[in-house]
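Labels run A, B, C, D and E following the written order; every chain starts at residue 1.
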Amino acid sequence: MNFNLQWTWFHRLGSPRWFYQKTQRWLPWLAIATLALLVTGLVWGLAFAPPDAKQGNSFRIIYLHVPASVVALAGYYIMAISGAVGLIWRIKLSFMLMRSAAPIGAALTFIALVTGAIWGKPTWGAYWVWDARITSMLILLFLYFGVIALRHTYSNNEAADKAGAVLSLVGMVNVPIIYKSVDWWQTLHQPATIKFTGAPSMHPDMFAPLVVMIIGFYSFYSLALILFARAEILRREYRASWVRQLVTNQPAEK
Amino acid sequence: MANNLSGGFKAYLHRDLLIALRDRGDLSKPLMFFLLVAVMVPLAIAPEASKLSAIAPGLIWILALLATLLSIERLFSEDYADGSLEQLLISPNLLMMPILGKITAHWLVIGLPLTLLSPVIAIWFSLPISAMVPMMLSLALGTAVLSLIGAVGAALTLPRQGGVLLALLVMPLYMPVLIFGSATIQAAVDGLNWLAPLAMLAALLAVAIVLCPLAISAGLRIAKNG
Amino acid sequence: MANNLSGGFKAYLHRDLLIALRDRGDLSKPLMFFLLVAVMVPLAIAPEASKLSAIAPGLIWILALLATLLSIERLFSEDYADGSLEQLLISPNLLMMPILGKITAHWLVIGLPLTLLSPVIAIWFSLPISAMVPMMLSLALGTAVLSLIGAVGAALTLPRQGGVLLALLVMPLYMPVLIFGSATIQAAVDGLNWLAPLAMLAALLAVAIVLCPLAISAGLRIAKNG
Amino acid sequence: MPTAFSAVFWHNTVLIFLGSNSPLTTHTVLKVESLAFERNDAVLFQPVDFELKAGEALQILGVNGSGKTTLFQLLTAILPSSSGQISYCGQPLSDCRYEYLSDVLFIGHQSGVKAALTVEENLRWMSPNNTSCEKISAALEAVGLSEYAQIHCANLSAGQKRRVALARLMTAQAKLWLLDEPLTSLDKQGVELVERCMCQHLTQGGAILFSSHQDLAQVTTRNYKLEPVVEVA
Amino acid sequence: MPTAFSAVFWHNTVLIFLGSNSPLTTHTVLKVESLAFERNDAVLFQPVDFELKAGEALQILGVNGSGKTTLFQLLTAILPSSSGQISYCGQPLSDCRYEYLSDVLFIGHQSGVKAALTVEENLRWMSPNNTSCEKISAALEAVGLSEYAQIHCANLSAGQKRRVALARLMTAQAKLWLLDEPLTSLDKQGVELVERCMCQHLTQGGAILFSSHQDLAQVTTRNYKLEPVVEVA
């Protein structure tokens, strides 16, 4: 049908096999780019950027902390949107992406929390302060955990996918609400005794490596997502003939 | 037909209320729980009046939240086990209507009594009288949101019947209610404007009434396939 | 025969652990709950470090109590529903042995992880490092008592499957644990002798291990006749 | 007994007469075309094709685990089918979902009886809104539970619980009955009772799709066997 | 099929031979004397009296709600009886409770299958401690679930779940079997399988007490009907 003709590209895009084979070619390039960006950013940031006037060298953890935080937040939306696409167009691949995004996002959120806490000790004198942004980041971690835990509740893959998608969509509606409410909660009370001392206006010499690191983290995220999704495809499509051929290393029949 | 599509609300509201009333204790139980935890807190934390009244607004809300959480689990799990969930799913209504009926029944059995009982705890924790009205208003609105969000979690965790998993799913989503709810009481205690956070609760309720039934009906169908 | 009378402990311990491990998330869930509620408290109550650390000892205990309460409900209710409780009741062992096996499994899945995780919460609430060891010791002993007492409530509420009724039954019995538990931590924070309240917890545990299985086996038989 | 038997016999005679000689009066109620279902990418049974006409009772056969219950859940749209088409009175199910559901009575393995409600409350709850009290007590009388009307269903025996659910057969106003093993836990009188109800429904122009491991030869018009999928190695 | 039938036939012949001609070898396993049960001061059935000898299968008959399940719960001491006496191999039950319970296999309406465990784990768990792996897989093979050994029981059909419970018949080492409607949800092959198991148990000197609404004429030695209490107005 006409409809089908128009949408073939879309369905091809949704085919796990197509994805698996296409990404095979992208992977090496992406890996090289990621490695280059991360190494450049880290060396630049840790060794060459000038020390901070107030914080000395301890500020350098920013080159891990900020990229991890930014990508962790974006990761939630990537997860929820791929869940939504899966629900609406019934595309298996996007469910697989959703599933893969959850543990990666949780790990990044965890890194953001840990680096933040480590940074907190020298700057605030405490590992943990109940700040709005920090708190909402913690809640984000729990939202990720919820999506991961829910998956083990279902034995049927399709049901598990859909349930995860529904939950991450509900979460997506809630993330801004949570963020706003936590922010608001902070302003309503008297400010905490120790203040969050972010430096919004940064010296360009400090800022440039940060940008490199953020791009590096994004590309790392893509790399991880693709790798996780490929593993998921093999796990889920193990019955498909192309996967069997791939695994047993036999030449394709046709 | 139109009648049919919107139907099911009253029927399920009535049935669930009947079941709740059947074991006669059911209505008094959430209240008891609320009161009991309220008793335990001064035992665990030093019972000086100043300390208690400082944490009272938050505490009342945490209690309301836990009472909802403990009870919401059974919203669908019994229906799932005895097969009446299948009957709900094939009722010739818009699925939302029976679902909203069940949630309303839950709120009438848990949220409303909690709201009506809260003044006792307020007095217990030496909250000023002026904070009573905002407290009750915020509880009335907020517990409804808690029931709605909790029902989403209850639907999604059906095959394994909730417990701690349900808590894990639902708690992060409860945060805004908790914050605005306790902020309402706190503002009233501090003599600030408490209408703003209360309005936020009302807005949350409006959003939840529209979105949660969608997520719940999807969740129930998915769970049957679990 | 003697072997038979004392048997069943290991079998039920093993089975229940297996079931808990089966949904792989199950082990982490009580921890998540513990952490989540710990997050909600500062949200509901002003998040200043001084205020938080003042209520922290009591709070950690209330959290442990709630985590146990939420999970103990399913100790017998699933067995009741699927008929394996009947098999437990007619196993040719002293009834206590399988029951203790099940409770031990529950403690290993809930109480022990909570104990191991508690330092995180202590840091969150800025408790002094010196209070860590007493806190963990008191939690290890206390959560075992909570599991034992909770199981009595779970057995007695069986035909109606717990929820708020269970909470109602069990909460008053939890009081002593709560008091001595938080007293242990508080004493450690204040630099006082914390061994005395800890010894009381140990004594409670000894009493509970002897008495609770008796009450539970009676309760289970009554429930079958309910 | 003799009365029941002759009634059944008579009904069936009428049925055969109607079914074979007057095709105009019997229209197709339910039509299932190459219906398939997959779980975790495994196909459950060979594509299902059948037609159910008014006045017919079709028995779904199949060994344990062949997918009878799943088929019922597909037919009530509780589960989504992977492929194939279900149509009701000529229309695809997706176009007439609410009409279809209001014409269907489904009794599954779990009968949907609420333990906390009394027998009477349960039946009232599960029956159409406008069911009269007389009809309800007549139904309870028929399934032998009139003495138990005020008893909570938690205190019933297995067979009595099943009878509560089956009392719906007498109060429902549905054209299409979907019964998944209606005879579970029933004693011999119970089985006869269900047969009688089914016969009566058929003579009134209703249609029945049911599964059972027992033979209901007196009622069954045709049967359809669910076949397992043979894996091509 | 023919093999199964001849096996059953042969077993039964042996049984009749043993049962009727050599009274010395058959001792009384279970003896029930005027056993009664009251709930809320209402007596459930007329006092029960029967004797069950080794090699015998006694079928408990009774309409829905007559108290069969309750009787089984009395016999396993899950419920306390109001009056009467149960004795096992000549001793009153209270004196030999643990010996008795270790000789009993009880399968009730709910089969005790844990949904979260796999089929194999369930069977291992429900079988005696020393059951070998071969025995377990042979039992699973016999009930037709060998392919499902690693599947969680939550994902089984009703009949498959019942089959998991019934696989215990092949691993248990109990002398006395108490089976409350073992045939629920089973297909025809399942019923035959249970019959075969029961016959074999009888020839090995075991005793069976079971309830069922279906006839198991090939196995049943005698039956006992539970009668309702007639109220004296």
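By definition in this document, a contact is a pair of C-beta atoms (placed from the backbone, for glycine too) under 8 Å apart; a residue touches a chain by one contact, two chains touch by 3 or more.
All values reported here derive from a predicted model rather than from experimental measurement.
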Starting from the defined contact criterion, work out which chains touch chain A and chain C both, please. B, E
Chain located farthest away, centre of chain C as origin (C-alpha): D
Which two chains have the most contacts between them? B-C
Centroid of chain C to centroid of chain E, CA atoms only: how many Å? 38
What is the distance, in whole Å, between the centres of chain A and chain D, each centre taken as the mean of its C-alpha atoms? 50
When centres are defined as mean Cα positions, the distance from chain A to chain E in whole Å is 57
Touching two or more other chains, which residues of chain E qualify? 109, 152, 154
Scan chain C for residues touching two or more other chains and write them down. 23, 25, 29, 32, 36, 43, 46, 81
Residues within chain A bordering two or more other chains: 139, 142, 145, 149, 153, 155-156, 158, 182, 185, 189
Could you list each pair of chains that touch, in label order? A-B, A-C, A-D, A-E, B-C, B-D, C-E, D-E
If you look only at chain B, which of its residues touch chain C in the complex? 23, 25-26, 29-30, 32-33, 36-37, 40-41, 43-46, 51, 54-55, 57-59, 61-62, 65-67, 69-71, 73-74, 81, 160-161, 163-165, 167-168, 171-172, 174-175, 178-179, 182
In the complex with chain E, residue positions of chain A that touch it: 155
Of chain E, residues touching chain A in the complex: 152, 154-155
Chain B residues within the chain A interface of the complex: 152, 156-157, 159-160, 165, 168-169, 171-173, 175-176, 179-180, 183, 186-187, 197, 200, 204, 207, 211, 215, 218-219, 222-223, 225-226
Which stretch or stretches of chain D touch chain B in the complex? 73, 76-80, 98-99, 101-102, 104, 106, 108-117, 121, 125-126, 129, 152
